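Remarks on the structure that follows.
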Amino acid sequence: MFTYSLVSGILFGIFFGFMALGLNLIFGVMEMVNLAHGDFVVLGGYVAIMALTSLHINPVVSLVIALVLFFLVGLGLFFPLIPRLSNSRDPEMLSLILFFGLSQVLEALMVIKFGVNPESLPLSVFGNSSWHFLGQSYQIAWIVTALVSLVMITLTYVFLYYTSLGRAVRAVMGNREEALASGLPVKRTSAIIFAIGIGLAAMSGVLSPLMIGSLDPTSGLGLTTIAFAIVVIGSLGNPLGSVVGGLVYGVSLMLMQTYLSSWSVLVPYLLLLIIVLVKPSGLLGKGVRHA
Amino acid sequence: MALLHISSLYVGYNSLNVLTDVNLDVEAGTQVVLLGANGSGKTTLLKSLMGLLPVHAGQIVLDTQDITRLGPSARVRAGLAYLSEIGVIASLSVEDNLNIGGYYLTRTLRRQQIRSLYQQLPILYEKRKNPASSLSGGQRKILAFAKVLMGQPRLILMDEPSAGLAPVMVNEMIQILNTYRSHGPAFLIAEQNVKFLEGAHYVYVLDNGQIRFQGTPQDLDADAHIKAAYFGLT
Amino acid sequence: MSREPILIFENIVKKFGAFRALDGVSGTLAPGEILGLVGPNGSGKTTLINVIAGLYYPDSGGVRSQEQDITHWPMHKRARMGINRTFQIPKPFKSLSVEENIALAYHYGRKPAMSPQQALDFVGLAPVKNQLALQLNSSQQKLLDLARALAAGPRILLIDELAAGLSHQELQVVADHLQALAQQDIALIVVEHHLGFVNQLTERVMVMNAGKEIFQGSLSRAAQDPTVSAVYLGTGS
Amino acid sequence: MKSTAILGMAAVLLSASLAGCGSSPSTAPSAKSIKDITIGTLYAKSGAFATSSMPEYSGLTFWASQINKTGGVYVKALHKKVPVKIVAYNDQSSATTATTLYSQLITVNHVNILVADFGSVLTSVAVPIAQEKKMLLFDQTGTGASFFTPSNPYIVLTSLPTSGLWPTSLAQYLIHKGYSRIAIVYATNDFDQSQDQTLVSKLKAAHITPVYNNGVPTSTSSYSVLLNNMSHTNPQAVIELGYPNNDIAFLQALKASGDHFNMVFTIFPGQLPQLFVSSVGPSSINNTYTYPAPPLLTFSHVNYGLNTAQFDLAFKKATGQSTNFLSIAGYNTGLIIQKTLSTANSLNQLSLRHAVSRFSGSLSTLDGTFKIDSKGAQIGETLPVGKITTNSKGRVSVQFVTSPNS
Amino acid sequence: MLNTQLVEAGKRQRGRLLINGVIPFLVLVGFSLSPFVYANQAILFQMMAFMALAQGVNLLYGFTGYLPFGYVGFFGIGAYGMAISIQLLHFPGLLAVVMGGLLSAIIAIIFLPLLRLSGAYFAISSLAAAEVLSNVVSNSAMIHITNGPYGEQLTQSYHPVTSYVAMVIVLVLTTVTVIFIRNMPFGRALMAIREDPVSAAMAGIAVVRSRSIVWLLSALIAGLTGAIFGWHLSVFYPNTVFDLNISILAIVFTLFGGYGTVTGPVLGSIVLYGLYNAIGISDPQYFQLIYGLLIVALVLFLPGGIISLIQRRGNYVP
């Protein structure tokens, strides 16, 4: 039981690390919490479900569709909203409220468009075989999901650390003022990261029905909270932090389900509260205070 | 025609002017020192030159191009570079900081530049993989200087290069500047440390947002009144 | 010093990460004394002020005042025992009026203190007392900082770069006022770049560099001290 | 004195917004002047209960349109047929909103008949209001046992027994089959937890202790690890008690795990077979057990209203939706109201309640025998246990393993 | 001290207090009389409850800058504190309501460390705290205290009129509290803390203690409101009184009206809750969409709420 819980928790956690990645990037670069993050995840899920049921498009293809589509949506949202917000009196607080409003809008639109019934993808969508490991078998859909998540996290890492634009992103994360003073195209970088963040959220959403069962338009806020917890557990602006946060969440959840099942819903909330009160800089954070 | 030509510049926060009617020229290849106490408006002037603060009125011309309304990234591409008091991005490695400085160069050129800077400043090569936050104050200044050189600018705006430095490091900084004295980019150096006057071609004194004196360092030396008023040295 | 010091700080060390902003600084201050704190940018002057005012707690060392160890006291408690300050970048309550800014400090600060009206008159802000603080220019905001500190009834007043940005006339007035405060037995620490201003105010200066005290004594002697002139005036090596 | 003007404006807005909340109050119409029978109800177009609430509401409106085609419902108190008018509001699955809307139906719209929304949560807030305003609450599917007290005559449960009674047949079947290793996972809400309690106590009475019996939060959507833990106890029967979302997630995880048990039981495939076929696929409910409810469960002796086949046809024709248990439950509520109006001597609410008691036990609809106890709770209908068979085209049929009329 | 200017300022102060006093008076009269002209008391009751909650949010966000997404946690705890007092301690309704408020304040003390956080960290952590409370209350392990998932049934203590009156009283008291805090030095101290905690501390203001007092007060308001709300419902499940939408509406009403004033939340609750019911009764499908868009528009164009339209011209708004 322990092994199964642990391995499932790891697979689960890798996915959730990926799910939180977009939130992490946007938070890191723009110091804004995208409270509509979970709603974009759910929208990605709907893309996959619609594509499969009405057009018979495999979720693997939907991954690309969701990424590209919501990258464009992100760009479309950035320019009317964010520059105006950045110039306001209290961007951090106001952005929180703005994205909360956006989340309400998205939820309402999803109810109107997709109805209220929970929707799902069949777990057999990647075939019926399973993966045997340490005497246990795990469904193939989980393995595929975890692999895709790992690949995307790695790609994000490579983007951030081995490309010129990625370097600019890290510069903006590190010190926005200094990045501006160095002549980096800060606004354009922010726009791209915002769009990537939303695109990644939707992309993880494609896989989400396979990991969390089913989606409905109200699933968003819960996912945002989990993603926020993961980002805070890991640490800001570090894709590896997302993985660490995701693993902590996934493994704790599965162990809790095994040994104290009726309390398992508390896992993300308790983890969040513990980490913000004990080590707000996150597990990987260095806690440097800038004088 | 001066490389940088500022005419009747007014800059401020909200409706309040911090700089009033500033006129200033920097000739190509020269080192100009902008002398002034804390709060006299030096940083405000440099930031407005860099496009980090909006200009209320006046004109900034670089070479023949009017850059008054351009954003900072466009000014960097036009040949300006700004060495702020912080100067580096602490969370990035030394090499990444250099890369940021050469953001608009081609990949090959950027590598070439980094290589030549490593040769000139071996300390940077030693620490190239370390985050800038691990450097000492002096090393950070050197990195910051190397970072602005990366972009091959025509004019470097320096904001208090002596700030926070031990005297030995200040001297080293001045020596480094001296090696660029007659060739390389032009410098506009905002300072309150008079030691920077040694190698300067020209000096402006800024007080309360206005240019109160301009001339060669020798002219300044001769002007006892200015010295007394601004440096409290009697 | 014949009088019992009102402030004693000993071996203050304050680190930010690996950087030692203060590296074992000690000193005392007597009632009615004005101590000048000078040194290049980044030498730790403001950090020392912050440690005395309670914005930072030191990593080691202690601060004592009026028979109490106040090293780890919160700021408001220090304000109420009479330690107050101004800020290098003024920090008024921008959406409150000038008068309200001062009245607040008067209400919560130590008694006896200058009344809000006296404080307004003292710094010359009475004509703008009904304006919001955000409508003031930066030198007015600095004076507001000072007025607010005065209304909180200080025994020890820490002045962080008040002169920068003030005109010569204003400077003269402020210098006279600070001296008047010292006459009333308020102890002052004045952080300043403007040496003329420091010279006019004080007999004793403490020169700092890289988190350490490098000289203590009169300014005129400081000017002759080789280390000081190396660091501060940038002459010699 | 601009501020006073603002306050005046606020006062005006207060009255204006209240005026916007509904028509001005009118006195209750006297019986003689009644031109139609108004039935007030709520539905949830969004939120957690929308999936169930909407079909139930469709069933009720379907009944109203059917009866209006025949010239209306016969009202004994008026000695004539009167058209039926449904007044309905959307509570968005919020109990808070539902409170104001129930109150609106009673105090502003002065409806003749009050019908609750789906489920215990949305019904609960209506119970005290109805009692206080002396309105008989036709409770369709709010099966919380605590709603039914001897002191409250203003509630009648029209379909489904209270949830504590549901597992009776399931326990019987498990004991009958001689299963000794039983694993139960239930969602910790009152509907499922009360079933778990009943089931476990009945099993214990037969000296069977479940090898696994754990509650999980109702929001649980991943059952893989739970299922793995259950299979470690080598159960013969695996029972999952949840809401539709839980059942879907459980069956999905079961299918993916490849585990096989002699018996797998879930609640909702019997009520919402189409939802399960479309969301988890026909094969994942094939050979599992459930409580088959109408239309899977059909009653041959229908003495009032349409039978299942007729309803299925007519409902699909009228609404374009396929029949499920909840649309039948909604329609059944209409039938109970119809019978009540045609037998009650006056439109007084207590008189309606007495009429219901009088025909209790003698009415058989497509939902089974309607029978209530003195507290108004349903005891006529029981839920048998059935085994589901699906073919590849998604047609669902069920084979009863306990007697539907036990 | 006794110079003419101070006297003038005093006069202005008294004039303002008088205008301020009109608000609770209008609230009192309005909600006391409206049941006689409008039959649906439940709407009036809920409007009051939301107005009180909006004032609670206003107190916390408007005066200290903490945005409590999880504000409903206090509301739910209040309802449960009340229910437990009736069920287990057999207290009469009104006393049980007071107990609900107190329990909420006690929970607020436990969660005091949350005030160390700021901005989004606080907002989302408060949400997490509310989820924890809700799930603890509804867990089967608590069945002997809270009746766990089965909810509370208080029909024996159901008093719609008394609970209505209690809500009027709590609302009026809440409004008066906000007026006092806004106009007393304490309120200005809070504004000072929000603008600059360091300067505030240097002005002698006890920053941590002041924030904590407001936190406890706003928890008390939510607790009392939740307790009366639960009493008025008399039958509720955990997710009825821990419904996240309750915080969301209270926050939206506050932001819409204008935070940091007394009038803003009153106006916001009346207009938006009125709108909610006006649309809600006909077809609320689009309500969420409308208020979502409203929030986005407010943030971009009118971050101070509708009150700021009047304040913008330099007018004083109570």
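Here the chain labels run A, B, C, D and E in written order, and each chain numbers its own residues starting at 1.
Quick note on the criterion: a residue touches a chain if its C-beta (ideal position, glycine included) is under 8 Å from a C-beta of that chain, and two chains touch if they have at least 3 such contacts.
Chains and their UniProt names: A = Branched-chain amino acid ABC transporter permease; B, C = ABC transporter ATP-binding protein; D = Amino acid ABC transporter substrate-binding protein; E = Amino acid ABC transporter.
Just so you know, these numbers come straight off a predicted model, no measurement behind them.
Shared contacts of chain D and chain E (Amino acid ABC transporter), meaning chains that touch the two of them, come down to A.
Hopping across touching chains, the smallest step count from chain A to chain B is 1. Rounded to whole angstrom, the centroid-to-centroid distance between chain A and chain E (Amino acid ABC transporter), based on C-alpha atoms, equals 33 Å. Distance between chain centres (mean CA atoms), chain C to chain D: 74 Å.
Averaging C-alpha coordinates per chain places the centre of chain B 76 Å away from that of chain D. Spacing of chain B relative to chain E (Amino acid ABC transporter), judged by their CA centroids, is 53 angstrom.
In chain A, the residues that reach two or more other chains under the touch definition are 111, 262, 265, 288, 290. For chain C, residues touching at least two other chains, in rising order: 17, 19. Chain D has residues 45-46, 188, 215, 217 in contact with two or more other chains. Interface of chain A with chain B (complex): residues 164, 167-168, 170-171, 173-175, 177-186, 288, 290.
By the touch criterion given at the top, residues 17-19, 40-43, 137-138, 161, 163-165, 167-168, 193-199, 209-210, 230-231, 233-235, 237 of chain C touch chain B in their complex.
Listed in rising order, the residues of chain E (Amino acid ABC transporter) touching chain C in the complex are 1, 3, 5-6, 9, 185, 188-189, 191-192, 195-196, 198-208.
Every residue of chain A that touches chain E (Amino acid ABC transporter) in the complex is listed here, in rising order: 33, 81, 84-85, 88-90, 92-98, 100-109, 111-112, 221, 225, 228-229, 232, 262-263, 265-266, 268-270, 272-273, 276-277, 280. By the touch rule above, chain B contacts chain C in their complex via residues 16, 18, 37-40, 133-134, 137, 160, 162-168, 170-171, 192-196, 208, 228-229, 231-234.
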